[in-house]
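Below you'll find the structures, each written out as structure tokens.
Look at the two complexes coming up: subunit A is in both, with subunit B in one and subunit C in the other.
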Partner chain A sequence: MNGALKSLASSVGGAVLAIAETIGGAVTLLFRILRALFPPRYDAEGVWRSFYNVGVKSYPIVVMTALFVGAIMVIQTAFYVKKTGATGIIGYGVGFSVFAEIGPILIGLMFSGRVGANNTAELGTMVVTEQVDALRALAIDPLPYLVVPRFLAMLGMLTLLMVLGDLFAIVGAALTAQLLVGFHWRVLVADLLQSRLLDEFTMGLVKAACFGISISCISCYFGLAVRGGATGVGRAVNNSVVSNATAIFVIDFVVGYLYSL
Partner chain B sequence: MSGDAVIVCKGVGKRYGRKWIVRDIDLEVRAGELLGLIGPGGHGKSVLLRLLAGLATPDEGEVRVRGKNLADIDPFELAELRREYGYLFQNYALFDFMSVADNVAFPLRQAGGVEEPEIARRVKERLEQLGLGEALDRFPSELSGGMKKRVGMARATIGEPAIVLYDDPSAGLDPVTSSKIFRLVRTMHHSQDDVASVVVSHDIDRMKVICDRYVMIFEGKVLFDGPEEAIEGADPMVGKFFFGSLGQSSGAS
Partner chain C sequence: MIEFIDIHKRFGSNVVLDGVSITVDTGQVLYIIGASGAGKSVLVKHLIGLLRPDSGRIILDGEDITWLDEEGFYPIRRKCAMVFQNSTLFDSMTLLENVMLPLRKHHKMGRKEAAKAARAKLELVNMDRDADQYPAAIGDGLRKRVAIARALTLDPQFVIFDEPTTGLDPMAAATVDDLIRSLRSDAGVTCVVVSHDLRSIFTVADRIAMIYKGKIRLDGTPEQFRNSDDGVIHQFVNGLPEGPMSV
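On to the complex of A and B.
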């Protein structure tokens, strides 16, 4: 009994320590990135390359996720609309959840699974194959060279992709409304546009920007902290994905709460 | 032959976990000198080389390069010093997102001051010299181990560094290419005055041709430090390692 309690306490303690270490590491990295941004000292060509890589890697899944998010929300909302007869709510219902909640969360999660995990693996591999040391040996600071471009690319790209995602979510919603629910797509889109969802739209973008920051910092942190060969890389990718998902939920909650004030 | 001390280690120790990998290392690398670092596998040569380049920080003692303690100087001074270095990694450490030509050109591009056509010319020349003229546009993942080593060699030497550290330059290479590599080490060493070179290798026969002085690392300590002539009077281990078959590969003895 006592032993079980002790081991429970030590594993809880260990988990708390691990969380604190991750937050500490990622936040420290964020400050170092910000310091490298003002005044700018980073590899401009690398920034473009990162934007391109991140964009190419992630836009297909963002588009696909968005189409489904729109479709699902129409089906869900239509259920209540049919039940209550409140047809005026369908545009708002779809728009609100797509722009402000489900859209950002799902797109953020997909982005983190695709780009964040990939980034941790890439940097981790560079660490274990001594490529990062090779940069340092050539007097190149890995932070402005490797991390800052990824940070800017993830921040910028995820925000842009959220706009794209919102558009495709509307497309998905309109198609589903027309084809499956028996609701004219024009009515849905007109209703949606009239619902004055600007706040929800900007909230989604703010969330996306925050996700971009957290995904880049967390994934770079885990990538650069890799120890111990290929298994170390695997472990880091795993930790990175889990931490990113957690961070996404926390940020979503905090931003949502702040908007509700 | 040899001049001022370029790198000085005083009581340097490095540990991973509780285990000291190297300890109490006192060592000088002098300008104009080609130093051979020898010793059995796993006894700390690569770790020491990383300490000499400031890629690892000592847990004990200090490493001074041109009089400056690497642990004390600010990042800009450190970057300034590192620009003088060329480093060949034991496991190549090629940038896998760049072609061979870009890997080799990288130090020149980063240092700046050389025009792109001139970079291309020098890169091609160096790679041809190492028998890699055909590999310019290939990627590191498409090369054999020995080819990667040679690309690493080209990258380490392209900027004509004043301090060059080679970690096992001939590992995995055939005898002809090995001789070529050692010849390049010597050519690089004499390409300017006062180059300081350190070669880690198990290829003692080829080292004998080019090295001025030897340091033997045994169980993380300096067991011998001196020219070939001084080996007779030293610990018998050194003579056995140096003249015996121990140097070639531990499996053969």
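On to the complex of A and C.
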């Protein structure tokens, strides 16, 4: 019994320490990034390259996710609207869920899966093949050269992609309403516009910006902390994906709560 | 002048360097030899701050650089280049872009100017024809030649070569040997070369230091190594499978 308790305490303690280490590492990295931004000390070419890799290459997956998010929300809302006859809330229901909750979370998760995991793998591979040491040996600081451009790109592009996602979610919702549910798309869009969802829209963008910051810091932290070859890279990518997904839900809760005050 | 003074380094319980002291005079080519895992690469990485000693001091041109912080090491790294054992080219860049990178970062050169200067460095190692290839498209030996070109872009005063001829064909290895010789004779560059290549060692080295069990076994001229009656030195220099060193 005593042994089992000790083992349990040891496991819990180990898990708490691992979480504290990840949060500490990512937050420390965030402060180092902010220090590199004031005054600006980063690779401008790298920033543009990262914007392209992070943003332009991610928009198809965001558009696809957003179209389905809009479609799913219409189908879910239509069920209750038809049951209660409250046709006036279909636009509000869809808009609220898409702008404030489901849209940011699903787009954030897709982005973290595509960009965050790729980022950890890329940086981790650079670490184990000594490319990061080679940069240091060439007197090039890896932080402004590798990390800051990725941070700016993820922060900027995820926010912009969220706007694009919101737009395509409405398109997905309108198409589904018209083609599958039997509501005229104009009714849905007009109701959505009348619902004045500016707060929900801005909440979604704030969430996207926070997701961008956390995905960049967590994925870069795990990438740069890789030890032990290919196995280490695999482990880091796995930890990065799990930590990013957890962070997305925590941030979504915190921002949602703050907006509700 | 480079001075390693009583360097100790361990990884966990594994003692790699146990009081290593070596001095390299300006313009000299020092070869550091020893069995695989003896700590040769570990020692040279201390010179540019990629590793820090547990104790001991490193003096470069009279300046104690042992405990400089990461930023403090950047000026040191600009005058002391390193060619890594595994080439470490950036695989997202072409060979030309790899060589251009330090020029663009440190000399603030424009793209065209940096490309011209980088091509000249690639010519030194006969790699200018492959300038637009990516590292993954060429072999290990060719990558190593490009890594040498990249290390020389900032015209360093000191160059560390970590096994520069390993994996090269004999002609390419001879080209690298010539390059090291010309760096010394034409530009007065001080070279520290980690190598197992006996042919290179005995044709290029001014001095040789052998690390064995974390300590310097012998620090002397190629002649002293050839004539040594120490069993460990004799076994290594003659490449014998039997002897006091476990293989």
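The rule we apply is simple: the second predicted complex is superposed on the first by the 261 of 261 C-alpha atoms of A that agree within 3 Å, B and C clash if a C-alpha of one lies under 4 Å from a C-alpha of the other, contacts with A are read in each partner's own complex, and residues count from 1 in each chain.
As a working rule, a residue touches a chain if its C-beta (ideal position, glycine included) is under 8 Å from a C-beta of that chain, and two chains touch if they have at least 3 such contacts.
Owing to the predicted nature of the structure, the values given are computational and were not obtained by experimental measurement.
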| item | value |
| --- | --- |
| Combined model on subunit A: subunit C and subunit B, fit or clash | clash |
| Contacts of A:Asp199 with subunit B and subunit C, given as first, second, both or neither | neither |
| Contacts of A:Ala137 with subunit B and subunit C, given as first, second, both or neither | both |
| Partner chain in contact with A:Glu21 - subunit B first, subunit C second, else both or neither | neither |
| Touching both subunit C and subunit B, counted on subunit A across the two superposed complexes | 129-131, 133-134, 136-141 |
| Contact set on subunit B toward subunit A in their complex | 50, 53, 55, 75, 78-80, 82-83, 85, 87, 89, 91, 93-96, 106-107, 110 |
| Sites on subunit C touched by subunit A in the complex | 48-50, 70-71, 73-75, 77-78, 81-82, 84, 86, 88-91, 101-102, 105-106, 150, 154 |
| Residues of subunit A defined as touching subunit B within the complex | 125, 129-131, 133-134, 136-141 |
| Residue ranges of subunit A touching subunit C (in the complex, touch as defined) | 126, 129-131, 133-141 |
